[in-house]
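Chain naming follows the written order as A, B, C and D, and within any one chain the residues start at number 1.
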Amino acid sequence: MTDYPRFGAGLWHFASYVDRYAVDGYGPPRTTLEAIELAGSVGDLSVVDLNYPFTPGVGLDEVKEALAAQGLSAIGVTPEIYLRRFCRGAFTNPDPEIRQAALELMHQAADVVRQLGAQYVKIWPGQDGWDYPFQVNHGDLWRLAVDGMRELASAHPDLKFAIEYKPREPRVKMTWDSAARSILGIQQIGLDNVGVLLDFGHSLYGGESPADAAQLLIDHGLLYGMDVNDNLRGWDDDLVVGTVHLTEIFEFFHTLRMNGWEGVWQLDQFPFREDPVDAARTSIRTLKALHRALDRLDLAALRQAQAAQDAMAAQRVVQDALLDTAIG
Amino acid sequence: MTDYPRFGAGLWHFASYVDRYAVDGYGPPRTTLEAIELAGSVGDLSVVDLNYPFTPGVGLDEVKEALAAQGLSAIGVTPEIYLRRFCRGAFTNPDPEIRQAALELMHQAADVVRQLGAQYVKIWPGQDGWDYPFQVNHGDLWRLAVDGMRELASAHPDLKFAIEYKPREPRVKMTWDSAARSILGIQQIGLDNVGVLLDFGHSLYGGESPADAAQLLIDHGLLYGMDVNDNLRGWDDDLVVGTVHLTEIFEFFHTLRMNGWEGVWQLDQFPFREDPVDAARTSIRTLKALHRALDRLDLAALRQAQAAQDAMAAQRVVQDALLDTAIG
Amino acid sequence: MTDYPRFGAGLWHFASYVDRYAVDGYGPPRTTLEAIELAGSVGDLSVVDLNYPFTPGVGLDEVKEALAAQGLSAIGVTPEIYLRRFCRGAFTNPDPEIRQAALELMHQAADVVRQLGAQYVKIWPGQDGWDYPFQVNHGDLWRLAVDGMRELASAHPDLKFAIEYKPREPRVKMTWDSAARSILGIQQIGLDNVGVLLDFGHSLYGGESPADAAQLLIDHGLLYGMDVNDNLRGWDDDLVVGTVHLTEIFEFFHTLRMNGWEGVWQLDQFPFREDPVDAARTSIRTLKALHRALDRLDLAALRQAQAAQDAMAAQRVVQDALLDTAIG
Amino acid sequence: MTDYPRFGAGLWHFASYVDRYAVDGYGPPRTTLEAIELAGSVGDLSVVDLNYPFTPGVGLDEVKEALAAQGLSAIGVTPEIYLRRFCRGAFTNPDPEIRQAALELMHQAADVVRQLGAQYVKIWPGQDGWDYPFQVNHGDLWRLAVDGMRELASAHPDLKFAIEYKPREPRVKMTWDSAARSILGIQQIGLDNVGVLLDFGHSLYGGESPADAAQLLIDHGLLYGMDVNDNLRGWDDDLVVGTVHLTEIFEFFHTLRMNGWEGVWQLDQFPFREDPVDAARTSIRTLKALHRALDRLDLAALRQAQAAQDAMAAQRVVQDALLDTAIG
């Protein structure tokens, strides 16, 4: 028996990818059902976040069955408001008809959340923003972003909406770009069913400390979910968690634990050139090692070091838990 | 006769500098009075922001006289809460005695603002933050930052306090790091005499669009002041304005004008290896060219382009004002 | 009559794009022939660089006819050694069979260069490199990169091969990542038909000064071609040239002119959300303005400023050519 | 008994610092002799790299005695060609007299190397480069850099000269900015007593993989020395080693071991706000843990993973050595 947290993954972890160079894709396309099957085969996943719409021809009942067959449940649903039709924006598209179409897709996704018994509609407005100086009137753009989210969330008071902020990509600059800006926007929205999904990598490469961002969101009661991965701080590489920033991901998990935040540890990774099941298993292996290291952390010593803001003492405590430092 | 805005500068523009390598300084030290004289010699400056304390032996009356002699007035006073004593933090120092000492220095600076008839106490808490993962308890640190500012500002309801945010340096990470986070903190402070001084370069290298940050602050009624400079987006280089980001500084000024924001155009530059008067004159020459270009901007065409988020059309309008594009 | 340089473009400027989010593409796919027609419609383009293979069903004769019909000629051919098959590397793929397949594709592209009378085979090994720490043996990887290029170029002594370096993307780290490293590698190759295509944006976001990189390549006799665009220094945004870094693109062109480098001014842009013809025309409008500004540059004054490394004097000279600074 | 490598430090690790904000310094100044005493008190240091000139009033004999008293020897001497006099450049200063003065200081430092029996003169030309676009003629600047180094090194054929490259700071852009460019320049110099000191942090924040840079330098026979520290990849933070990039520093040491490189593991850190002895001890504690982890690394498995470029397999091997992954 173990006290590990529940693990989850964005279902896109098990898709294959395209980018602007490998336009024929990094592998053959996979259907929603195939991705669910791969997710199930990882062995340690309890929940997935599903893109919506599903791949063509796949119905909701089939998805339910596939999830059940793999012992998975849905934690969230992510409407694809970043496909071609919305490439110049969803909430902030200059064309009111396309804004309306985006809202309609999100209303449908809300329905799917209800039917799957998921926790939230995840809103990732990756095409909302701008590319060039002088392209937009910034006041107008932000109003569109905030008003659109309010219209959406107020139509579904029974559901939660989790905004996943990100500094940029695919837009050169995104509107919901940081934890602080997201909190500001949610305050302007003025509803109690809008919160944030914190992506570790987005926070890191946006220049935040993910631990600090998590604390800020928790203090505002807005941390609806989180997912993890890694990068080199310059881009949203969506690498496998723990491959670069071991200490900072450990600080992130420590902060969640200290706040009694007990949600799912969720993977948002893009294993372009790796086997996705192998990548997920390697990730969870690392997450479990980090979880055990949390248990070993000398909290009293760490508290004392932090009260004095003594970075060296804190590091020694951390490394004693994380590394083999038994022999000096 | 001209309608140029009033120009100003941080008085440190006319100081000489040290850094961790040229520990003997990039030039001989200058007193507050010598710096004021240099500022006056630029010829186009109306106001300065003064560091406090003044250099040893210089009294407030002398400063007043020196300013008057140069036809300058004080726009703000910047208490040096980033010197040795406060190198582990001012508001967020782990030692309550040093926090108290920092507050006392800021109370004195507030008094100097009154006596100089300046507009604001500028608060730049450059040493508040952290350097290492796990060094601080992020929740505690933010509370110290917010509570300290509240204590300071509530003691001087007759004065304004302008927080100058910055992502980092000298701390590896600063607490007041962005426009959005500053607004959040000011809302938590809950007083109406705390606002923001927006530094163009801080915004730029923090991954914001300075024009967008300005709009957000104006929409919250919090843009108390601004200063300009330039950098390569990776660090606070404090280069001379307009030497790298001509289009973005132009968008910044355009945004201020569209909002009817009519404050001082202020220089915050560190001409380490340049003559400071030459650097200031070159800067103002550029600022005047940008100001004239603003007059040439085809606002109707720009508005139309921005309503359609048509980046190319907007660029053509901008370049017609900024460059010689008369001949196609 | 005008003395403008010849203008060119990568043919992909007129394609439509996909990325990992808008997997259904930013617009309907275009064939090689349609892209050529769009390139021709720009009106100021003389040459294009063509991806190879052409889109399915399009033959070489059709391409020749299409180019002729638009008054275009081929400057280079870019074999697509970054598609699915090569997503784990072309020259540096761990599988010798795939390395061989990549070479065969490049041999075919060499043949197309001959038949089109183009200047060079452009080699852009975007999938050569690594994603994770410890993933590769760095010595082995570099040897594969160098040896493969030697094998390729030595098989075609009548042709030129232009390596286009780039710091990263799609690989998290690319092997040919900078001007200096490319020169080193070419020295190791030891052939006189291998050079460099310098992409302004790659240089800029790789932390180089593009003007300095151009000078270094010219001094080694290796600047075979160049293309231009823009970005925010953190990523290869492939924005329209001159929209962000006006001064630095101007310095780049100035450096080329001072060295008597008279090649094509070529666009390598990805107008994801813009009309490609409109984007190309806006680009060339800017390039022409920059070219005229070069004519206005006071070279004697600039030379004097640079001899003294007087940055302020140099800036004034530059702005006098670039902006309206007639009225002080 | 232990097989740990010899540990060393730049003597500046035990100085106190100033920067452009804390102009009164992060602590009271320390003399060369006091710094040596602190270095000795760490307990695990064998060698130091000494700045030259020593602090005023300290002679060479005193330094020798102080080193002997602490059981330390000199590995290198670093002439301070970045102080005020050289703030506009040492080798690349526009003024030939100052270039000459810089060379004279370096000749003196060469003499000190002889007298201390050190391994190399370390050349860190931090003020050589430029700040602004158009400030310099890049061809001229590079020639000054290369010719000056040649003149210096050819005057001392009995000594080694180790260039420490760095992307930037204090100059906005430095001439010797990367491993590849340094190798190129050394080839142009054409002498066999010029090599490179690789600083892990400089490499990291310059966008290199430090392991790859080390391999490249070793393959050219030019890795004369190295030092370690850490940063957030955006700046030369000179943080304590291993506090951020555990995996990448481990890859770096692994690469050195695989090449049989057996030099000193040297600290180049700036503990602005930490006790320098505590920081050095914490560093060496980490370095020892990493060294033990190297012994645990399953080399056969790693070799196999790298031959297949299998990032996941490599990660598991690495984490098995680095972390507690005993329980799955």
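One rule holds in what follows: a contact is a pair of C-beta atoms (placed from the backbone, for glycine too) under 8 Å apart; a residue touches a chain by one contact, two chains touch by 3 or more.
Values in this document were obtained by computation on a predicted structure and should not be read as measured data.
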Interface with more contacting C-beta pairs, comparing A-B to B-C: A-B
Length of the line joining the C-alpha centres of chain A and chain B, rounded to whole Å: 35
Inter-centroid spacing, chain C versus chain B (mean Cα positions, whole Å): 39
Multi-chain contact sites of chain C, meaning residues that touch two or more partners: 88, 131-133, 168, 232, 234, 240, 243-244, 247-248, 273, 311, 315
Contact graph of the chains (line, ring, star, complete, other): complete
Chain B-facing residues of chain D, complex: 17-27, 82-84, 87-88, 126-127, 131-133, 168-170, 172, 232, 234-235, 237, 239-240, 243-244, 270, 272-273
Residue ranges of chain B in contact with chain A within the complex: 88-89, 94, 130-140, 142, 167-168, 173, 177-178, 180-181, 183-184, 187, 206-207, 209, 211-212, 215-216, 219, 247-248, 250-251, 254-255, 302-303, 305-311, 314-315, 317-318
Parts of chain D lying in touch with chain A, wherever the complex brings them together: 232-234, 240, 242-248, 273-275, 278-279, 282, 285-286, 288-289, 292-293, 311-312, 315-316, 319, 322-325, 327-328
